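Two complexes come next, and they have one chain in common, chain A, joined by chain B in the first and chain C in the second.
Our next item is the complex of A and B:
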C-alpha cells in the first residue's frame, strides 16, 4: 500500500479556533446536563415535574419520553435515506448518505439515554429489561427491535459503507492510520470486493427497511395499545409515528447537510440537487402527516366518547392549544414553503432549511402532545384534570443530551470524512 | 496446495456466514409465538428471552459483515502488486 502525504479532505484532523470554542461550549452544556442528572439521582424524581397520574394530578411521562420518541423518530430518516440510496440507486443523495447514517446512530444512542432519567432506578431498569421483558409487551419490541435490530443494523451498515473511505484514508500517513486500517479491514477495492460489498449492502438495506418500520410501529404501539388510556388507544398511532419520524428526520438531515455544506465548503458535493431531493421528500411526508392530523381531528370532534372528547378539547382549545396550533402552523408553513418551490421549480437553500427547522419544531410539539395530555386529562376514574410543567432539571438533561449528540457528530467528522470521498481507485 | 487452501478459506467463510445467519434466525424463534401469548395461553415468561432475541437479530445482521469480510473467489488470491506512483 502506498502512503500519501496529502491531508484527508472535508476538514478531517483540522481544528480551527472557532471549532475549539464550539467544543468548549458543548462540553459546558453537557456538564450542565450531568449536574442536572446528578441532582435528580440524589434528590429523586421530585425535582422534576413528573408526578403520578390521577392521585397526584400529574404526568408520569413527560419531556424525557417525548424526546425519546423524538430521537428515535429522527433516527428514521438517516438509515432510510441511506438504504433508499442503495436500493433505488439515488446517486443524487449519495453525498448525504454517511451524514444520514451517523445521524441515525447518534439519535438512537440519545434515545436510549433519554429514557434512562425517566426511570427511578436506571440500572435496575436495564437489568430487569434483559431478564424479564415479555414479548407481549410493546416495550419488548421497542427494546429489542430499536436497540438490537435497528441500532446494530445501522452500525453494521455504517461499518461496511465506510470501508472504502477507510482504505483511502489509511493510505495517508497520520496518527489515526491504525484506526483507518482497522476499519478498512483489508479492503483494497478489487472488483471482487466491490461486487461483494455491493451485494451485502443491497441485501442489508432490504433487511433494514422492514426492521425500521416494525421498530417505529412498536414505539407507536407503546401508546396505541393502551386500551385504558383515552387519546392513546388508536390504530393510527403506529403509522403516524412512522410518518412523523420521517418528517423530523428528513428535516434535521436537511439542516445538518446545510451546516456541513457551509462549514466545509462542500458545495461541489452537497449541490442544490441534493437539497431539492430532500426538500421534496420532506414535502411529501409533511403532507401525509397533515392528512393524519385532519383524520384525527375529524374522528375526535365528530362523535368521540366523553373521555376522548375531554382530551381533544384540552388539545384543541384548552391547556395544550398553544403547543398544538404552533405545531400545526409550523407543519403547514413547512409544507407551503416546499410546495411553492416545487410548483415554481425554483429552489432556495434557505427556504428548504427553514422548512426543515419548522418540521422539527412541529415534531417536538407533537411528541409532547402525544405523551402528556392523555395522562393529565385522560383518566377514566373521576380525577380532576392534572398538570405537567417540566423543571430546569428536565430541560438541563435534554439540553445536555443535545450537546452530547452534537459533540459526537463534530468529533466523528474530525476523524473520518463525513461525506463519502470522491471515486478513485484504491487498489494498490 | 495454495489453491486448495484458498478454496478451503472461501468455503469456511461461506459456512461461517451461513451458520451465523441460521443461528441468528433460530434464536428469536421461541419469542415469536409469544408475541400473541396473552390470548393463546402459552407460557408467558422465559427468563432472558430478550437476550436471545437481541443476540439472534444481531447475529443475522452480523452475517453481512462476515460475508463482506471473508475472502472469496478472486479476492482470496494473492494481492495485486502495488502500482508504482
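Our next item is the complex of A and C:
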C-alpha cells in the first residue's frame, strides 16, 4: 500500500508563494467587482452605459448580456471534449477532459451570475424567474436548457468521471478525506464496476451532445426570434451561436491547458499530441465560423432591406468597424496560424496558444456586435442612431466575474487533481 | 368586454406636443421618458419640402412581441386589449424593450424620485409650488397611480414608481376604467387623437375607421397594433426627423 503515503500529484494541497500572490490578486479583482456591483445596486443601472432604445438613443442590453453569451459559449469546450473522449475513444485527450469539464461548470455559473447585474431588480429575478416562469419566453430556454439541463448533466458527468480519482485520493489520510470518500461513493475499481461506469458515461455523453446543440441554439433564439430588431431576426443565429461557442470554448481550453502544463510541469500528460488535437479542432471551428461570416456579409451587402443595410453599414464601415475588423483579423490570423502548422505537420505550443487567445478576442468582439448594433442602429421607426459605451462599473463587474471564475478554478485544482491520475497504480 | 383602440388623425396633428406634456403630468413619468412621443418629420428638398407630425404612443399590439418575451409575465394583455406592465412583477431584464419594434419602453435607470423635473421633497420647492397648485395633489402623489386595476387586481397605472423596472404607456388605464379618455386624447387641442371601443359600432373610433382609409405602423412585423393612423402615410426612408428630443437620463 505505497499509494497511501504518496502525496496526491498535480499540486493538490500545495501552495507556493506565487500562488498565494495570484490568489490575493484575484481577491482584489473580485473586491473591485463587488464594489462596482454595490455602486450599481445603490445608484441603479444609470451608472452603466446602457440607456433606453428609441428617443433616448441607447442600448438596453450591453456588456453583461454579451459576456453572458460568451460564458455560455465557453462552456461548449467541456462537454465536447469529454464526449469526444468517450464516444470517439480519443484517449490522448483524456488528460484535458477534467480541465474542460471544470471549465464548463464554472463558465455556466459565471453565465448565471452575469445575468443578475443586468437585471434592474436582481432579487426579484432570482425568485420570479422560477415562480412565474413562462415557457413562451426565449429566456425560459436559457434557464431550463442551459442552466438546469446542461449544468446538471455536466455535473453528473463530472461526478462520474471523477469517482475513480476520488477513490485513489481517499486512500490517503487527510483533512479532505471525507470529501474524496463522498465523491468516490464506494467506488472500488472492480472490472464490473468500471464496465458499468463506462457504459453510463458513454450514454450520458451521447445524450449530452444534442443537449449541447439545443442549449447554444436556445441562446441564439433569444436574439434570432425578435422580429422587431433588424440584424437579429435570422435563422442563422442559432447555428452560428453553436459554432462560435465552440471557437471560444476550445480556444480557452487550449490556453488553460497550456497554463496548467506550465505551472504543474505536467509535460508527460499534456503532450504535444493533446494540443495538436485541440488546435485542429479549433481550426475546423474557426473555418466554419468564417464561412458563416462570409455568408452573412454577402446577404447583408447584396440584397439587404434598408433597415438591415443600416446596421451592416454601421458594423462594416461605421461606428463598429473597429471591433468588427479586429474580430475578423483575429479569426483569420487564428485560422492561418493553425492551418500552416497543419500543412507542415509541425506544431508549436506557443502558436496554438496564440490562436486560442485570438479566437477568444474575436468571440468577445463578435458577441458585442451581435448584442449592441441592432439596438443602437436597428430602430424600425426613424429614431436617430444611438450610442453605447460601457462604463467602469460594467468593466469592473465583468472583470470581477473573470476573477471569481479563475479563483474557483484554482481553488478546485488545489483540492482535487485537475488532470486524471495516470493509469498505473489504479488497481491498488 | 370593450375592445379599445386609438385612432390618430395625421391630417389634424400640428405637432404641438401637448399630448406629450399631458402624458407626463398625468402619469408622473421621470425625465427623458416619453410614453407619448410626437415625431416631427421633414421630407423633400428645398423649396419642395413637406413637414408632418406623427404621435407615437404604445401600440398596444394584439400580437405584442414584448408580451411574448417577458420571462415572468409582468407584461400582459388585458381582455380589453390594453397591454399592461405590472411593476410589482417586473424584474427589469429589459427583454420587452429590445423586442419592441416601436421603441416605446422606458426603464427606470435611477431612483425615480431623483429623476423628476422638480424635487418634490425639497421644502423650498413646496413653498413655491403650494400657492400655484392651490394645494392640489401633485402628480407624484396621485393615489390613482398606486391602485390595482382590472379583475386581476394588478398595479399597472402610472410611472416613476421604483428603480429598475420597465414602464410604458398604459393608455391611462386609471382614467379609462373610470370611463374617461386617456390624458393625451383629452388634451389634444385639435381632436387629432381619438380613443374608444372597436366593438361599439357607434363609437367615434369605429366610425372613423369605417369612413376613412387608415394604416397601422410596421404592420409587416405582424404585431397587429391597436393604434390606427388616418391620413398621411407611414414614415419611410425619406422622412427625416427634425427637432428630435434627445434627452438622456
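By our rule, the second predicted complex is superposed on the first by the 420 of 428 C-alpha atoms of A that agree within 3 Å, B and C clash if a C-alpha of one lies under 4 Å from a C-alpha of the other, contacts with A are read in each partner's own complex, and residues count from 1 in each chain.
To be clear about the criterion, contacts are C-beta pairs under 8 Å (C-beta built on N, C-alpha and C of every residue); 3 or more make two chains touch, one makes a residue touch a chain.
From a predicted model like this one, the values you see are computed outputs, not experimental measurements.
Engineer: Between chain B (first) and chain C (second), which, if any, makes contact with A:210: first, second, both or neither?
Structural biologist: In the superposition, A:210 contacts neither chain B nor chain C.
Engineer: Could you look at A:306 and tell me whether it touches chain B, chain C, both or neither (first, second, both, neither)?
Structural biologist: A:306: touches chain C, not chain B.
Engineer: In the overlay, answer first, second, both or neither for which of chain B and chain C A:129 touches.
Structural biologist: both
Engineer: Could you tell me if A:51 is touching chain B, chain C, both of them or neither one (first, second, both, neither)?
Structural biologist: second
Engineer: Go through the superposed model and pick first if A:138 touches only chain B, second if only chain C, both, or neither.
Structural biologist: In the superposition, A:138 touches chain C alone.
Engineer: Tell me which partner A:197 touches in the superposition: chain B (first), chain C (second), both or neither.
Structural biologist: Touch status of A:197: first partner only.
Engineer: Based on the superposed arrangement, let me know which partner A:7 touches: chain B (first), chain C (second), both, or neither?
Structural biologist: In the superposed model, A:7 contacts neither chain B nor chain C.
Engineer: Where on chain A do the contacts with chain B and the contacts with chain C coincide?
Structural biologist: Residues 129, 131-134, 136, 140, 143, which sit in both footprints.
Engineer: Quick check on the complex: what are the chain C residues that touch chain A?
Structural biologist: Those residues of chain C that touch chain A are 32-34, 37, 39, 41, 56, 65, 68-74, 89-95, 97-111, 163-166, 217-218, 221-223, 235, 237, 239-241, 244-249.
Engineer: Could you list, by residue number, the parts of chain A that touch chain B in their complex?
Structural biologist: For chain A paired with chain B, touching residues are 1-2, 129-136, 140, 143-145, 147-149, 152-153, 156, 159-160, 163, 185-186, 188, 190-193, 196-197, 199-200, 203-204, 207, 211, 427-428.
Engineer: Please output the residues of chain B touching chain A within their complex, sorted ascending.
Structural biologist: For chain B paired with chain A, touching residues are 31-32, 34-38, 44-45, 47-51, 53-55, 57-58, 60-62, 64-65, 67-69, 72-75, 79-83, 85.
Engineer: For chain A, which residues are in contact with chain C within the complex?
Structural biologist: 43-46, 50-58, 60-61, 115, 118-122, 124-125, 128-129, 131-134, 136-140, 143, 226-229, 306, 375, 379-384
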